[in-house]
């Protein structure tokens, strides 16, 4: 089932290929200028830091439904090991195996292709088992710091959690913008809250995974119009799942990552942030969400921190 | 060879056990108050972001000399996989195995014990293979953002790189402070540059590892006197290696992690930061160096970003 | 809840400590002499080989209930990689992460301790995160080949599968021996079939795991009396689970591994073997079940092959 | 540099595509019939078992030169963990990460392709990151037991170890056959000893890896003529390395795996076997070298055992 005309129409409208040069590998992150960062820094009032990452552990959000995307398994290679002899200083060391897309993470630009192409028109075949993403690897994102804006769609709807079949549409984003009292602008990292994470946090990872509210196929144009740098959300699937149209599986992924060159964040825990923003009435903040620089990585775990 | 009296004398002087309560698991990070963060934010001028992490890859800094501390191995579990049928959107996924102390990282408070004790007097036996660090796990550090101060000891000495037998002493730190034009204060993250990283960056990981300049046994008291929150450096071993005294292997580790409850950063790449600070004359900056929240982790990779 | 007197009574009766010397690390495998192997070879009639391992894959038998015991995750590090240039020979390479006790496996002598002791009275503390099992590591078993005898308890009972609360007792083993037409003797590897594996093979790993029929606390004395070299079975838990007595969790493990020094095999797929033995009426065969020699390993996956 | 005519000429002569049907996935292993196994069993005289695997450990044979092919890293997820409460039976568990081609192993038929094809003419594209080898995965080899014949080329030459530039040619194999006093025949597993392993065993993994004696491009025809089931050797590269001709890198791999459908064994430790065969004058034995059944695996570690 090839991608329908409807998809290609939107693709044309949001396409950023060549916008930052043929060699560009970071897409919309180019929109984060020094000036944008200075303004982001200017949003800080209290100095309060709000963490947005889930703990990394074996009973993480993955259910096994996505092959290979394993929850973190940490194991010990030394426990109080006295390397230099009895009664000396002892060290403990650990190793981890995990899917780079398993927990709170960014999808890098190598994560998705369609029609044989990655962002900027590069061939999908540049992603290989040997190299990972030769083009657009996550290590190309050496920092990811900007103004973050929480669009708390659940709160704007007056609910704790959007229902599983709720496609977040531009009107939702605008209602949340109104609640936020700020307008999303060029270089922002938009953080969309559905409340879906509450299902995982209360112990039901299967309900969390599926069905899931999420971004509508109509939102990429909205993000594109505002020149957003990146978008993150509190769901496993990012976009509504199952999708709005039977022939549009992962269409938002393809529009963001391939057409726009815009990283996506998934499994972000926005519960504390939602409360904090509601309390102080400020939905914009300095957000640091720099990924780990895995060379060739198609994604990376991230421990985002909002500074308010 | 048990720890000598000399060690225990210093230990008594820098000990923070109980200072933030018997239940405390984050030690000197308690010194990072909202006010400290506000002041850190106030150091930002240009909005320039300087990344301090090494790329995560198989030919990382580890030489194999420390058993189990393996360089990151990233492998693919999907490459352009069309999960929903031919001609649909394709995804690539990767997994990683790595030592949590292998690359640019923080040592957490569970990483080191001496005399059977961890920070705050907890038994070393609370670190187990089953749980990792039950006490002081790296996930307890939910954010690590503060004022960073680069103490560029190599530059203060007028050299590109300190020799391998140079123990960085308080006088060195003060000379670097003078160069920096700022005084280290409570809650700061001190970033000590030796230039040793240049050896790795030019291709010799063995020379980088050993012998290595690094912090002297005399420095923990200096950090303690100034109530530093955390210290990071551009070496594998952090402290001078081989050590200043035959009976003091890993003594600085033990003083920082066990006695003071202060996280340590290793393998930070400070070369770009050194140049940037020298250019604009500003050695203090907003530093975000939040670890990945591995539950029970005795350490974590980190992708620190200085915002100037 | 310490181990009860009942346990210690049996322990005394089956104890093999010192039997093969204080330095011995392979326990009952000493019973496999060259002569035993020659006789095992003598059982071969048809040359038919029957494999007893489950396929190694992500949806293996582990349910997540045993922390850290992860099903195999195989990932690619090269797919048709032309290392020597375009149009040359291409290679594919893979890596795996897995629990050594996750699939069809042997428990080595380091896998279990009780009362602070391993087999042969060695301190349990000789198992460390740094070394694994310093004593009794699975690599000490350089070969594991002997006469195998299938004791098909399910078939002897005329059922496809024993119920979940069936404790396999000596009388069951003797009924199966009668069905087998052979007497278990010194150096044999006894393979006990409950039929429980059918639950996994038909798709229900949870039902397979628990509750599970398995060996009764009464069987170690039977195995000891006959000087069996090793015992394997077609369940996850090996012994009946939940156990026969509330204070005897993993008691059979402790008797076999610690007291007798006898390796145990779990998750063996005995379905084809059961049919083959019933067809030709021969329940004794040459069995090769040599583990992978992981240095310090407390267990190992194994791909046993019965040669009939 | 595409494969030369010389290669294609040999390829035509040794090609087995279609020989065992279009659906066949195990190639020359079809030659191991029940009768072959019965005769193999008939070679056993003493019952002595000789293990041929190297210990699996971090300082294994891999030097890092082949990306991703990592030596085994075993880590603990439990050490004497009392799952059921204080003073109960305690368990230790471990996990491993390793390259499936890193240690003593078999190359499966999915390991190599040339000209876009795998064995039996299947497209190389059937090997994917998502599935591994869909065709010819190592799990298709459910047992690998046959007559083994040691061709001790080093001993036949009267040396401990062949020099690094020695290409093992058919004349070498025939000299070793004469020493062995047996003729290689259909279904045999041929084990070729060069003595190169002594370099690794005496501590020099780099010298072991390269340069390396190994099979000449002339040997596949010899193996094909005798209908050998599989060939294993005591080197890292299997074939002479660097190769005999500049345009024939990995040509023996391609002929064996792609054209003949014959598995290859590498890094086998043949030192004890060499001595044992010289002592008793018998170079044929029962060999069990069944791989671990990794689904989709392009190779597998193996712990081969010769029974004499």
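Order of writing sets the chain letters: A, B, C and D. Residues in each chain are counted from 1.
Just so we're on the same page, a contact is a pair of C-beta atoms (placed from the backbone, for glycine too) under 8 Å apart; a residue touches a chain by one contact, two chains touch by 3 or more.
Quick caveat, the model's predicted, so the values are computed rather than measured.
Enquirer: Along touching chains only, what is the step distance from subunit A to subunit D?
Expert: Tracing touching chains, the least step count from subunit A to subunit D comes to 1.
Enquirer: Return the chains common to the contact lists of subunit B and subunit D.
Expert: Both subunit B and subunit D are touched by A, C, going by the contact rule given at the top.
Enquirer: When contacts are scored as defined above, which chain pair ends up with more C-beta pairs, C-D or B-C?
Expert: So, comparing the two chain pairs, more contacts are at C-D.
Enquirer: In whole angstrom, what separates the CA-based centres of subunit B and subunit C?
Expert: Once rounded, the distance between the two centres reads 45 Å.
Enquirer: What whole-Å value do you get for the distance between subunit C and subunit D if each is reduced to the mean of its CA atoms?
Expert: Inter-chain centre distance comes to 27 Å.
Enquirer: At least two other chains touched by the same residue of subunit B: list those residues.
Expert: 67-68, 70, 73, 75-79, 92, 94-95, 97, 128-130
Enquirer: Between the chains shown, work out who touches whom and classify the graph as line, ring, star, complete or other.
Expert: complete
Enquirer: Flag every residue of subunit C that touches subunit B in the complex, lowest number first.
Expert: Interface residues on subunit C, with respect to subunit B: 67-68, 73, 75-77, 79, 94-95, 97, 129-130.
Enquirer: What residues of subunit A sit close enough to touch subunit B in their complex?
Expert: 1-3, 33-38, 41, 44-51, 53-57, 66-70, 72, 74-80, 83-101, 110-115, 124-125, 127-129, 132-133, 139, 142-143, 145, 249-251, 253-254, 286, 288, 290-299, 301, 303, 305, 307
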